[in-house]
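Chain lettering (A, B and C) follows the sequence in which the chains are written, and residue indices restart at 1 in each chain.
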Amino acid sequence: MTNHYIDFRNADVILNMGGNVAENHPVSFKWVQAARDKGAILIHVDPRFTRTSTKADIFVRLRSGTDIAFLGGMIKYILDNNLHDEFYVKNYTNASFIVNPKYSFDDGLFSGYDPTKRAYDGSTWALEKDENGIPKRDMTLQDPRCAFQLLKKHYSRYTLQKVTEITGTPEDDLVKVYKAYGSTGAPDKAGTELYAMGWTQHTVGVQNIRAMSIIQSLLGNMGIAGGGINALRGESNVQGSTDAGLLFHIWPAYLPTPQAHLATLADYNKTTPASKDPRSVNWWKNRPKYLASFLKSTFGGKATKENDFGYSWMPKLDTGQDASWLNLFDEMYKGTFTGFFAWGMNPACSSAHAGKVRQALAKLDWMVNVNVFDSETGSFWKGPGVDPKKIKTEVFELPCAASMEKEGSISNSGRWMQWRYKASNPPGEAKPDGDIMYELFKKLQALYEKDKGTFPEPILNLKWDYETNGHFDIHKVAKEINGYDLTTGKLLPNFVSLKDDGTTSCGNWLYSGSYTEAGNMAARRKKTDPTGLGLYPEWSWCWPLNRRIIYNRASVDLDGNPRDSKRALLKWDASGKRWIGDVPDNAVPPMGTDGAYPFIMKPDGVASVFGPGLKDGPFPEHYEPLECPIEKNLMSNQRINPVVKIFEGGLDTFKTCDPKYPFVCSTYRVTEHWQTGVLTRWLPWLIEAEPQMFCEMSLELAKLKEIKNGDRVVVETPRGKVEAVAIATSRLKPFRIAGQTVHQIGIPWHFGWLHPKDGGDSANLLTPTIGDPNTMIPESKAFMANVSKLTKKQPAKKG
Amino acid sequence: MKITRRTFLKISGATAAGTVMGGLGFDLSPAEVYAQELRIKGAKETTTVCCYCSVGCGIIVHADAKGKVINSEGDPDHPINEGALCAKGASLYQIAVNDNRLKKVRYRAPNSNSWKEVSWEWALDKIAANIKKSRDASFMEKNAKGQVVNRTNGIASVGSAALDNEECWLYAKFLRSLGLIYIEHQARI
Amino acid sequence: MACKQWNQRATEKTINWGSHQNPPDLSYNTWKLVRFSEIPGDKVNWYFFPDQCRHCMSPPCKEVADGKAKGAITQDEKTGAVVFNPKMKIKPADFKEIREACPYDIPRFLPSTGIMAKCTMCFDRTKEGMLPACVKTCPTGAMNFGDRKDILEKANKRLEEVKNVYKDAILANPDDVRIIYLLVDDPKKYHKFAVAENTIGITRKMALKRLLQPLSSLNRLIG
């Protein structure tokens, strides 16, 4: 999140699209309601009417997978009606930047497309620079090749009529939303957007969010209180785990994992983002310092300048290699792995095409499964239809401590790092995960000491000294992450002191400042709120530098005065030569006419209206989901995203416009369950409230398929089938798309065959193996399925 | 004489006048009836943060003298939730107190149809041996292009957004020192 | 859940019966239940009614119990909470009468033990200055707890605001109960027993019956 949860209360208009905030982030609705109590309005856009919709001032429906069409229409409306914040657009975005003359867009394709590779050569999207390497600009925004005009041209095609045809949302409803949200373009109005998997789980997921970023940039809502792009993330510490680099493509703090062609540290550092523009802070230019300090925290004293701080001991990807989730399980299915860790995860239920994962697990020699309860992954070898005698996989199920049985910190979606304490001991022989991995690695080090084996260096040289009195000490790890001045041995105050010469160490530069000589900042509990905007700067600690709203220098004018006195997030104190309010982003004087731009993490220093860095184009464009109900994309002749990787054949079948699978299906959540249900299905109070897999459908569809509310049904796709209880409801309604009636159904993905016995199995047995080209997040929110009454079985009896 | 649901008894002035007969001691006030103190009196209070979604609500867990969890409810001092909790957070007690919790290390041998309880020592030793075997067998110093990659192609990992920050960092360190590149977790899905 | 957690109530086996409302009804173990009511139409109306004991000012259940099973139901002096005795066995026939006396159909009973149970207004918490579990856990401020006078004032003020948008909004039996619901639509759309059918005075027969019984509830007309 660019902002944070309490900040929602500062908005005038809250758009919840691509998410269902009241049901899945229920307590945050306290702050949505607080905004409404002050007169704010809530807009909810969703294929179905949910508990969020009951409180929405404006609720409109759209077909799953058509968000870009919807948002494209909003961009057009904003531009046509001049609702954008002109000052902001000119000064804080790249709208005035001139684009390469070779850039073009035609019939769904941007310039530079290679159909054989299914990829773009993005060189024609580059921004034009002058002889000094500084982007050329037209501050009048009139030049036909400036980003602003190109934006206008691109979205001129997203007329109300076209958008209605694609989304199924009536024109009146579109205008209602556009007008209400567009009103936040005024400098004294703030609009915030809350999204979740409804936007990310698509083959156009990243572009969905990009579309909203463009809107927020046009309306001047980035970097202000009550504004921002706010991801409602799903897990208590998915923010922290992402920050820690537990993904193939990043090391901690978003340092890109090195690729094979970057043989040395110097090669890697040559790719450091650069900017010749003196007005661009380009904070990432400091990356070499963070990398060196990270390697020092990894290999300690063994990392020296001479050995590139151990750079070559770390594993590299092949150039362009994608080792993300869908590819990982594809490799597993092909038998590439002999060993596997499912540490606090349940991929047998959480993965798209879960059936493929369940089969893939059987190809392993061994699997280590660490969890609080047993799961469909740990017990995959005795799942439905599985013959244990045929499964060779050795499985180690290690019992671990639950959240209240250990001490440590987690980071919420608002980047708040909060320390929590141990209330009780884990049951039986269960241990905290930290203890388990600590001991396991010590054993590995001992094995490699004894018998060197293959390339033992990274293992033997790893800094692994996090104990106190013979016990694993989590505080030592927290301090390692914060970082040390190695010349003095003192904890660093923050990342500004990091160096690239090996005299500092820091596990994660973003978290530097969280555990300093002053103490454990994440454990703070003071409720001061000097700005009155709900920042609570002394409660816990947030990254970076405890800055609560990022890009906050976009909230002031060129002299450093808040543009909205009601939401004075930052103010420049000329006499004291400092900023008052939130921690400034960053501590340079006001921009004036030649000062630093506010978006310091971007090489050009400004928000991107034109975004050349993504794989599928600089402007979001509507494409249909892989499996969709209409034969043709009404926007262009490119039916699907032209750069998605298609997993071909075998288990990875998909069917589009197939009469056998006529209904658009989406997966979602309920308040009473969480993710695959491993932490909720075993809890009697929660399973009592939502005991079984269900399928929601409109009353019209129920009638069509002769299904009564409460009947048992089966939902089917080419990949699998799942039984469910039908909930026939008026909260779903059929859509009118391109002249035909399209029905939508929805299923929760919380269930699994292991427990309870009559609960139902995972919705992911149905979802397809396809993901967004930039992130590879699977398209679970829009695929085609069939639902029919289960005639052979009796309705489930009360047991 | 039956009193039906549809009627609502109200005491009218006329009837009250002649029937004041208080203090006969027949009505026990609930304090005596329950004869118990506030069930969390004297309990140890620990602050934690909810383990479900990413709002990060504050929770207070109460444990008795023996260290057993007896209650969990919202932390009224926490600025985000101010003591409130959703259905999941409010049920946190049932994660702490639950017969189905995994309490012992379990091992499933190849082709077996059941779990076997084993010790930590045995399991971790065997796992370490397996890791070494898989790693040594699948380690790649140079890729097909002859570039140095120093990675382990034969082991993958998924997990976890449920780990603490410090554990996540430690885990990433652990995996990468082993040379893994197939490292993923919930953020990807 | 907060109610179940505080009161450590057990669970019952449930199935999805075509609704998100589960358990389907109040019970010996379920003292508070959100009733879901979907009103189909062009504009969907989805009402949520968090059903629980109303802690009536003059509880009819207690009136019956005082006659049939003295001590089974008491009313807390300080808070007005109407409390079922968790240790007292009741005859099924008596329970039936007690349940039917309730205009809101709240009392529940475990036949195997003969014990009745329902919401206690968390009087064990409130007497220590803590909020009832459900009130504390509600994130949106939908529930407010406090001195009756303040609450009535707040409720009436809110009613006036709400009436601007929802002309049919009412407070449910505000003079007769301590748990006052603000409903924006016809109560029947929420739940069959959202409001008491009528609030008439005592019939002559009842008044007579009353004269023959010790009547101490008069002392508990707390405002």
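Note that a residue touches a chain if its C-beta (ideal position, glycine included) is under 8 Å from a C-beta of that chain, and two chains touch if they have at least 3 such contacts.
All values reported here derive from a predicted model rather than from experimental measurement.
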(message) Once you draw an edge for every pair of touching chains, what topology comes out, line, ring, star, complete or other?
(response) complete
(request) Specify the chain with the shortest distance from its C-alpha centroid to the centroid of every protein C-alpha atom present. (result) A
(message) Centroid of chain B to centroid of chain C, CA atoms only: how many Å?
(response) 32
(request) Would you kindly tell me how far, in whole Å, the mean C-alpha position of chain C lies from that of chain A? (result) 43
(message) Rounded to a whole Å, what is the gap between the Cα centroids of chain A and chain B?
(response) 23
(request) Send over the residues of chain C in touch with two or more other chains. (result) 1, 4-5, 139
(request) For chain A, jot down the residues that touch at least 2 other chains. (result) 26-28, 30, 684-686, 689
(request) Name the residues of chain B that each touch 2 or more other chains. (result) 72, 81, 84-88, 91, 94
(request) Sort out for me which residues of chain B touch chain C in the complex. (result) 1-12, 14-16, 18-24, 26-31, 33-34, 36, 38-39, 71-74, 76, 81, 83-88, 90-91, 93-94
(message) Quick check on the complex: what are the chain A residues that touch chain C?
(response) 26-30, 33, 49, 51, 53-54, 670, 684-694, 699, 708-711, 725-731, 758, 796-799
(request) In the complex, go through chain C and note every residue touching chain B. (result) 1-2, 4-6, 58, 60, 63-64, 66, 70-71, 74-77, 81, 83, 85-87, 97, 100-103, 105, 120, 123-125, 127-128, 130-131, 133, 136-139, 173, 176, 193, 196-203, 205-207, 209-211, 214-219, 221
(message) Going by the contact rule set out above, which residues of chain B touch chain A in the complex?
(response) 44, 46-59, 61-63, 67-69, 72, 77, 79-82, 84-89, 91-92, 94-96, 98, 100-113, 115, 120, 123-139, 141, 143, 145, 147-189
(request) Quick one: which bits of chain C touch chain A in the complex? Just the residue numbers, please. (result) 1, 4-5, 10-20, 22-23, 38, 40-41, 44, 46, 48, 139-141
